[in-house]
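Some structures to go through are shown next.
In the two complexes that follow, chain A is the common piece, with chain B as its partner first and chain C second.
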Partner chain A sequence: MSEPILKISNLHAVVAEDGTEILRGVDLGLKPGEIHAIMGPNGSGKSTLAKVLMGHPGYEATDGEVYFKGEDLLELEPDERSRQGLFLAFQYPVEIPGVSIANFLRTAVQSKNPDEELDIFEFQEKLLDRMQLLGMDPSFAERSVNDGFSGGEKKRNEILQLAMLEPDLAILDETDSGLDIDALKIVAEGVNRIREERPEMTVLLITHYQRLLNYIRPDVVHVMANGRIVRSGGPELALELEEKGYEEFREPAAAV
Partner chain B sequence: MFAGVRGVRIRRVSDAGGAGGGAIPLVEARMTVTIEGVTAAIHRGAAEARAAGAPDWLRERRLRAWEVYEETPLPTTSLEEWRYTDVSKLCLDDVALLEPGAGSGEIPAEARAILEGKAAAGRVLQVGARIASVEVDPTLAAKGVVVMDLAEAAVAHRELVEPYLATRAVPAEFGKFAALNGALWTAGVFVYVPRGVRIEEPIRVARWVGEPGVAIFPRTLIVADEGSHVAYVDEFASPDFGRPVLSCGAVEVFARTGAQVQYVALQRWGKGVRHVSAQRTIAERDADLDTLVVNLGGSVARVDLEARLEGPGARSDMLGLYFAREDQHFDHNTRQDHVVPHANSDLLYKGALYDRANTVFRGLIKVYPKAQRTDAYQTNRNLLLSPDAQAVSLPNLEIEANDVRCSHGATVGHLEDEELFYLMSRGLPRPVAERLVIFGFFGEVLERLPLPGVVEELRAAIEAQLR
Partner chain C sequence: MSNEMIASLGLEEYKYGFVTEDKPVFKAQKGLSEEVVRQISAHKEEPEWMLQFRLRALKIFQSKPMPTWGGDLSKLDLNDFYYYIRPAEEMKRSWDEVPEEIKETFERLGIPEAERKILAGVGAQYESEMVYHSLKEEWERQGVIFESIEDGLRKYPDLFREYFATVVPPHDNKFAALNSAVWSGGSFVYIPKGVKVDVPLQAYFRVNAEKMGQFERTLIIADEGSHAHYIEGCTAPVYTTDSFHSGVIEIIVKPGARFRYTTIQNWSHNMYNLVTQRALVHEGAHMEWLDGNLGSKLTMKYPSCYLVGEGAHGEILSIAYAGDGQHQDTGGKVVHAAPNTTSRIISKSISKGTGRASYRGLCKVYEGARNAKSNVQCDALLLHETSRTDTFPYIEIEETTANVGHEASVSKIGEEQLFYLMSRGLSEEEATAMVVRGFIEPVAKELPLEYAVELNRLIELEMEGSVG
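Entry: the complex of A and B
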């Protein structure tokens, strides 16, 4: 049996500003190459889990442990986590005016190997190749990062970054939100192509809806509610949730 | 010296004689009251010496400028336009005049290096108080393009210089320091582009000072005749100084009907330099007259820039970029003057500040009653990179017409946590992420400048300032 690439035990986290507890004891293990989905109602803590794993400064882990490739993830800065092989596709990608995608990616790829001068031609070739794989126009790389992008363009840009940075674990946070079905298919297809090339890449999908899972098939589905994983199962669990909704996982109002 | 008598104004004899006060002899007044801004080095005798030998019309203009200088009080911080810049920071009392004849006449290697290897249709090098060399592409000269020492041009091309020099753009009445330049300027550059002539490469001018404790008075006059096209880059450089240096400049740019002109001022003086510059651009019908003001160096910089749109269809893009650090103080005072209908001006000034630096942007869009269908915009954005840095932003509109599109906006912000987190999540260490955001911040200004070579130089200059 292979060791989990990501092992989360009893993770608690609060909003740094006001101490509100969002994660209340998350336990989760992902093995290399697996695709897991975390589903759950709005406010259950799914996106917070993604941000805490990446090291967002707005949250603070107060208890529990997270090990990524055997290392204590919570001790690392976000950039160190990235260089260790963790990737987060943002639900709301940030606009960086005046910085082209090509320049941004070149800086990111260079940061992975700070001691070696990046070969510009190799980089360009790889960028073009990745854009082709994802069916993107080369001119896209000259645009400022997410500046004035449509929702679909922002999500595709996230997938392009995923393709360039080749992480060991990719967390896709609500990558399907705000996309129509055509845009969703394009994004899902991109992820699948990357996975075809690199089946060892582990994927954690965070989504409210089942529909993304029609295009990216998970091995394991978890349900998150009130800051915990409350149920886990196979792909059929997603279908069940689609049918019944999240009603049974909502806590009674008095408990909140 | 004017210590102890600040705020005392002396009036001209003719004025003083108005209401029975003429009995006080001016000479006596001089003995007891010091004229503001007159120092051991900066005095009437110096103005007279510099006017000597000029053609009559020019000598009169210079001496008249000196009169205006004497009449005009030094601006104080009680004036709105000078609220944030105390003129004592300019160290008028501590500088000697640098004479055009001073020095060995040789051009220092550092000065020569400024323009070396840069694509240019013409090159002018100012060393200290003199124009040390002038080169112009002979094919352009054959078409009637003039690139010349302004003092020589006043003689050789009087008909092209006299109507424009210190008349409608930067007359002495523009302000105290414009008057001072009008009286004392030495290193003037004159550019004339005849009707319909298009110059592809920019004209490059470098202004160099090598010694501390001096004052220089550079001046630029550009006249782009109908339908012509010219770009001009004024670059200011020096070593760092332990004692103050004053550069008191004036810039006048005329774009005649349908002309296209780009004027760039790249201020990257060394430490200790006080940079004051009075600038006005005048765009006639259908002319494009764009400016970029860059402040990176020096200790204090004060730029007054007025874009006057005098013909329908005229358009001025006004770009500004400043990057201040340590105790640098930059003050920008701009004005977009719409006097006719159907003209367009669009201003974007962006600045970033490290350490204890402080900057001021004060901008006014002025739309006169007749200037219907004006489009005028003004945006100033500041990025504070230190808790001790301070950026003041004062955009303003005065609109006297009722059918216009005008807007103004100002922001003073910090690096956003969300932006940095996003970049760091891609593996960029925090300092690298910060640099990328700052670079991107200025990118918006640079991408609007249609001079690729100059943009590359500016990128490099910004990069050199990044930590």
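Entry: the complex of A and C
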């Protein structure tokens, strides 16, 4: 249990289009079953880190290493990363008009196990069960993916996908952004329920605000600034940040 | 059962065309002349009026210039086709003769072994013929006529003559004139007053000889208060030389009747497909065209509804898919010629690679067609930088009370959409296919289930090699 499931060493990444460096040497290790939170001011590179880990084509890793379950993650396509057990709950989930959530999830679950035909009845049962766990109405699954959803609905849809795909590592990118406190509670509760069932699932929370951490208790809190992890500590670090803000971590932007 | 016109229930039959040995019992000479037209008519033992009609149409055809709008027809040599051909009555072939690529397609579509042979036209087709015959008995009991167009003319001369060429007259356009001169094959359908046909009437035909022009002609009369659905689908063999298909479909929807005509066409990629299909929609009647165009080199096809009776309603729902080097010039026409008529056009096009999809539509409201309502929505999806789409909406309104809406959208498959789907484990191809399926869903959901499934599979196959 002591080997990290995710090990990031000296990760550098640039915006693919113009070469702007966003990540400037990230070091991070997550052990199985741990909950880590990365906090930091806007523009510190938190969301970029999430995207680079999932393999967003808009970014390019230029240096450093990322090992996930002992494999070189940067060598893999996003779909391969997913099948390896990585999951990213998007900050801005994308609309796929005309494709129902049920259909989408069926294809996604099937892709995890391409050699075996998915039992449609088992799938339906599981989907209903997961929706119940997350307190969702079954009719939700018939709606087109994120099409015309409210902010809260989009985020809940991300959590439903998390529940269905059962990853080993879930990255939650600003899942709390744009949610009122009630919606935030519902989403956090969903994550907690999934964790109760699967305590071995590792979670990386990316958030600007401390309030999400009132509902999902992290084991470790990191502060990111200027494309690096600049400080790490226990849950109390989040409270400290809440009080003092990010002022002390702000540096003049390094010359590129 | 003639091979020219196979009306069978087995939707799956003849799904993928392939070349079979061409043994015509009669073959006219290449090119078009009065002589050829006379031969066709004589061979079909037609009444004199039909011969005269054909000859008149030939003159009209010869007098009309080639259209210069729409797609590029400059490489279409109309003298390079046989204008009439009738294959031998029986076509026998063995599984060994079925080309490997067809077998492979069956394999990839996951069609069971036994079914593949039937699909390939090898071996008995007992089951579907049995089903077809029992349905036919049921239709006959209801007074429904569902015949080949030739049998329609022979068996029901008066009914035939009353309606034939009343919706699409020969002078309508050059290719309607051509079809009128040399038509062969197609369906003749009559649904009696008040009769509701639950099972769709289905026709399947195939182009079976290289360089053969296919000029099918279909005439459908849905009498007062009747309900029916006609499904036509066709696939053509893959040849290296250009092929040509120019059909005419005429539908008369009498007062209070409801009729739906569904076509899925997946032509081989060298086909010129120039079709005139039009419905005359009477008082309180309801007409729907459901049109899927895949394949072909160039398709020019604009299903039309002429709303001539008060309260008539017309709908045209279409999907066009233009792959590399293909041009789909499709759309719809609605003509409001009576008060309180309503219409709706939904057109969805997808262009891949160097494919081009054009929407060409007409909405016309005549003076006096008070309170006409029309809504047009055309959406284009581009898969690559090299893909192309254009929109040509023509709107002619002579009536101040008309309410006409037109919405058009063009979208590209976005990097964010693909990344999102791939982050859930879908490959890039699967992700692309899913976005495409979602895009056409508003039209595809109207298709009979087996057609929707088939369409999805075809799109998945088309997506292969479209990425990377």
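Everything that follows uses one rule, which is that the second predicted complex is superposed on the first by the 251 of 256 C-alpha atoms of A that agree within 3 Å, B and C clash if a C-alpha of one lies under 4 Å from a C-alpha of the other, contacts with A are read in each partner's own complex, and residues count from 1 in each chain.
We take it that a residue touches a chain if its C-beta (ideal position, glycine included) is under 8 Å from a C-beta of that chain, and two chains touch if they have at least 3 such contacts.
None of these values were measured; they are calculated from a predicted model.
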Please work out whether A:149 is in contact with chain B alone, chain C alone, both, or neither, and reply first, second, both or neither. neither
Which of the two partners, first being chain B and second being chain C, lies in contact with A:249: first, second, both, or neither? neither
Counting only touches as set out at the top, which of chain B and chain C does A:165 meet: first, second, both, neither? both
Where does A:68 make contact in the superposed view: on chain B (first), on chain C (second), on both, or on neither? neither
Common interface residues of chain A - those touching chain B in one complex and chain C in the other: 54-58, 77-79, 81-83, 87-88, 90, 93-94, 96-99, 104, 107-108, 111-112, 144-145, 161, 165
In the complex, chain C touches chain A at residues 414-417, 419-428, 430-431, 434-435, 437-442
Interface residues, chain A side, partner chain C - complex: 54-58, 77-79, 81-83, 87-88, 90, 93-99, 104, 107-108, 111-112, 144-145, 161, 165
Using the touch rule from the top, collect the residues of chain B that touch chain A in their complex. 416-419, 421-430, 432-433, 436-437, 439-444, 447
Can you name the residues of chain A that touch chain B in the complex? 54-58, 77-79, 81-83, 87-88, 90, 93-94, 96-99, 103-104, 107-108, 111-112, 144-145, 161, 165
